[in-house]
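Labels run A, B, C and D following the written order; every chain starts at residue 1.
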């Protein structure tokens, strides 16, 4: 299929979501298996919110011809420079194709999409607990909190220190960062739970936010209930359309009427922590 | 100026382009001006609410989408109250898509959704007929005719029947739908297929089998549209692998009076606008005054056979 | 050591890989060792010689081959004298493929080619039945059963029936072929399709419609093989979009006992050898002792439905 | 489809035809719309004959994903260096994809295929009349003739002098070259016919060989009949398999039994001139 020029809606207010061509500024390996993609995409950067995602049309290459778009959380929104950043793990055909992009190449992206994180007025302290590529999704929340003078503590969990991404970036936006990893044994859930309890009890926390680990999610669900703190989790699921039309991306949730499927793309990807099921 | 309007039975459309059922949603209102569409087609609803198929629900295979969604929906009452009323703000005719497991249930749901704000009923007969061993209505001319007839008895709205490419004998089913009172035929729904993960020795879809849609299906469904258009006198709406204006024009040339775009909406969300613009540009370039003049305009004389060559040599 | 042999009715094959009819020819003898194949399948012959379809005969569309060849052949006598005798130098069983326009003509051509050097008859029933409005035998369980029965009366050779994906109800046709005496079923022939040149407003094939083959068809035919294998007790030979060992394994898991590779022979002429080697490597890696153990080994429990999740949550 | 390593038959005698990966030495524009491709392909070069062709698996690119192979005449066989050369016109997806190849890239080729030109013992003078890319196909005949001490005269016809390819190459293998072109009006069939008659009558000709123009073919058919000279024509037709299996590539021919289809790939691409129909 030859690439149609995306219909850029003239009226951003009326049509806030759109297909657009971002220009690659940078697409470099962060560490083994992860890439950092910086796009010049002023229209996207103007409207994107923390926790939202874009749906990327990974370029066909000789080897890979991804057919559907691939969803990626926004890792950073740089409104000043009109840029969007993504942090992605290379796993299959789509992300392999993505990794072939070079500075100056165009990338067709669609968004911004989904329901992001909510910061309620009066909240003073957000505790983020992220693992692996889940860091990517939580990073914009830290920046949003900083803008609103909400304090952020971030516990980053990874396989080993080399896989610890965005630590610097989080510190730079004023977050207090605690890192744990599997290599030195600090990342087991019991230890992390102890750390979280310590922070909640010592400093008070208004929001527990998480992404990227089922076991951390379960643990934080319990603590949120126990301490009566709000919790939000960003979830992932294979997607078709990305805007709520195809019902491909559903996951089961606890709802007032019992278990029900909800669309990760449109009803989420950020959900109240108490509604998420472990997977 | 190209006249882009087309007539589908009693209904006149501003242009021949609309979405396929289940590949469209409110989300697109944030993306483009829905008033530019020829019609708006809603996702199929069933008499009882459904949660849909087990996960995973999609696998891509080359140029195809293989999906098993299972028609999740909240039933006719919610549809009329919430969905149809949302679309009343838009000018294109609004098409409800309905499905049911028995002839009677088809009649009842047709009556239930024949409410203000709903202009046309598209009948999704690719669903199992519980009165006949679960074989889909669309696979069976007799069941198709009975269901469509019952529906037309229960509603005053125009009825479009959506055929299935899995039926062996498309013209016969098409004629049955016409005999039952359909005002148009949508050709066609998804092709049944499956995908297997050889490593895991498991199906790739939660539902085991799914519907194949997207570009890979175009040659087969284009032929079906061609074949059906020649065997009925009601309009055909082409649907299967249409991603570009060129695809849409091919369907029109083969005999379609309008087209539906499905999977492409997931890839290029504003594709339908490109299709409309592209069809108009094609007509302008070719000096075709009305897009409806494309319908059936294929020059389908066969190529010369060897015997004919021998004569002319 | 993996045991690569498979049993198809009375015939034992050294391995499950053979070419699809019409996608193989003597030319390959210059390319690879034909003795490595599980069987050799000849191009279909008809009672009367045929020149074949008008030109052009092929158009490619994405991952598919859309061809209208029209079974050019020089009839049964030439086949037995020239073609079958050429293949006597090779060890794999030699399969003749026959087609005919009437039940009687099927019987006659079966008798005519049941000669030394021919080990199996594959029946191409995707051809028009001149006794029934030209509808293909393979679309009609009754005609299929009659044709296969007549053939088995006229030959002592094992008979394989090659089904068509254009039939709506594959299991019923499959059961009819089994009832008629087929020892195996080849699933399946090409899917009917068409392609149009929008600029020229003409079909792209001389014959207007053609058969779609190649990777794009795999999800649909794989499902058909799965469905047919569950409805008969004779072996199924999978055929549709198989290009790699992985594809072949998917068909075996779905229920096939052997496979045919078609279009891929045009792209990678020695692909069948890669498929054999790849299947063997897969079995070795997985500790599967006999390739025949793959047949039907798919774990096809459905994914969890929401109600089941609710119980387990 | 991931590229399987072609099964290189160990035994070249027993399996002379095969799939192989050639390495691109050069792939450069000759003039507007034509490219010259040089491949390192020792196995192919060892067995290829004048008038045969290879079936090329044009590499999928982002834009073009040619599915079937594309046939190309061999333009030059350099047995010494183990190289095959092709001269191709960029017309559609396949040849566009081909044009993206760079030195060092691999190209999957299949061959050598088809029946080439025949030089009978005792022939002394070959007259080649070629147009456009038909030059590519006739060039190896000139080299073959030179090896056998057969004299070659080549009339090359093209749209304009810029499109006159391989003139130098033909001269280098000892051919006498006459060029005609549309731009200066020298290429009309009547003029060419007069030239051919002149050569036949003055020098004697044993073989009229042609490729690339229907009108030249018709004219040469008549002269071959009139003078009783052998004629051979290289034909083209869309192909599937390239080795006689699929019957896609047929063209109608005059045969002793009347009109009949023959396969260009297996029965040709070089045919006796009297059997060819004009197209």
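The definition used in the following text is that contacts are C-beta pairs under 8 Å (C-beta built on N, C-alpha and C of every residue); 3 or more make two chains touch, one makes a residue touch a chain.
Note that the structure is a prediction, hence the values are computed from the model and not measured.
By the document's definition of touch, common neighbours of chain A and chain D comprise B, C. Chain pair with the larger contact count among A-C and C-D is C-D, by C-beta pairs in contact. The mean-CA centres of chain A and chain C are about 48 angstrom from one another, to the nearest whole unit.
Inter-chain centre distance (chain A to chain B, centres taken as mean C-alpha positions): 36 Å. One simple way to say how far apart two chains are is to compare their mean CA positions; for chain B and chain C this gives 31 Å. Residue positions of chain B with contacts to 2 or more other chains are 51, 55-56, 61-64, 215, 306.
The set of chain A residues touching two or more other chains comprises 2, 65, 260-261.
With chains as nodes and touching pairs as edges, the resulting graph is complete, every pair of chains being joined. Of all the residues in chain C, the ones that touch chain D in their complex are 22-28, 30-33, 43, 51-52, 55-58, 60-65, 67, 69, 72, 214-215, 243-244, 265-271, 273-274. Those residues of chain D that touch chain A in the complex are listed here as 2, 59-63, 65.
Put simply, chain C touches chain A in their complex at residues 306, 309-310, 313. Note for the complex: chain C touches chain B at residues 51, 53-56, 61-64, 66, 135, 139, 166-169, 191-196, 198, 200-203, 205-210, 212, 215-216, 218-220, 222-223, 226, 246, 249-250, 253-254, 282, 297-300, 302-307. Residue ranges on chain A touching chain B, taken from their complex, read 1-2, 4, 6-7, 9, 15-19, 57, 65-69, 110, 237-238, 240-248, 250-251, 260-261, 266.
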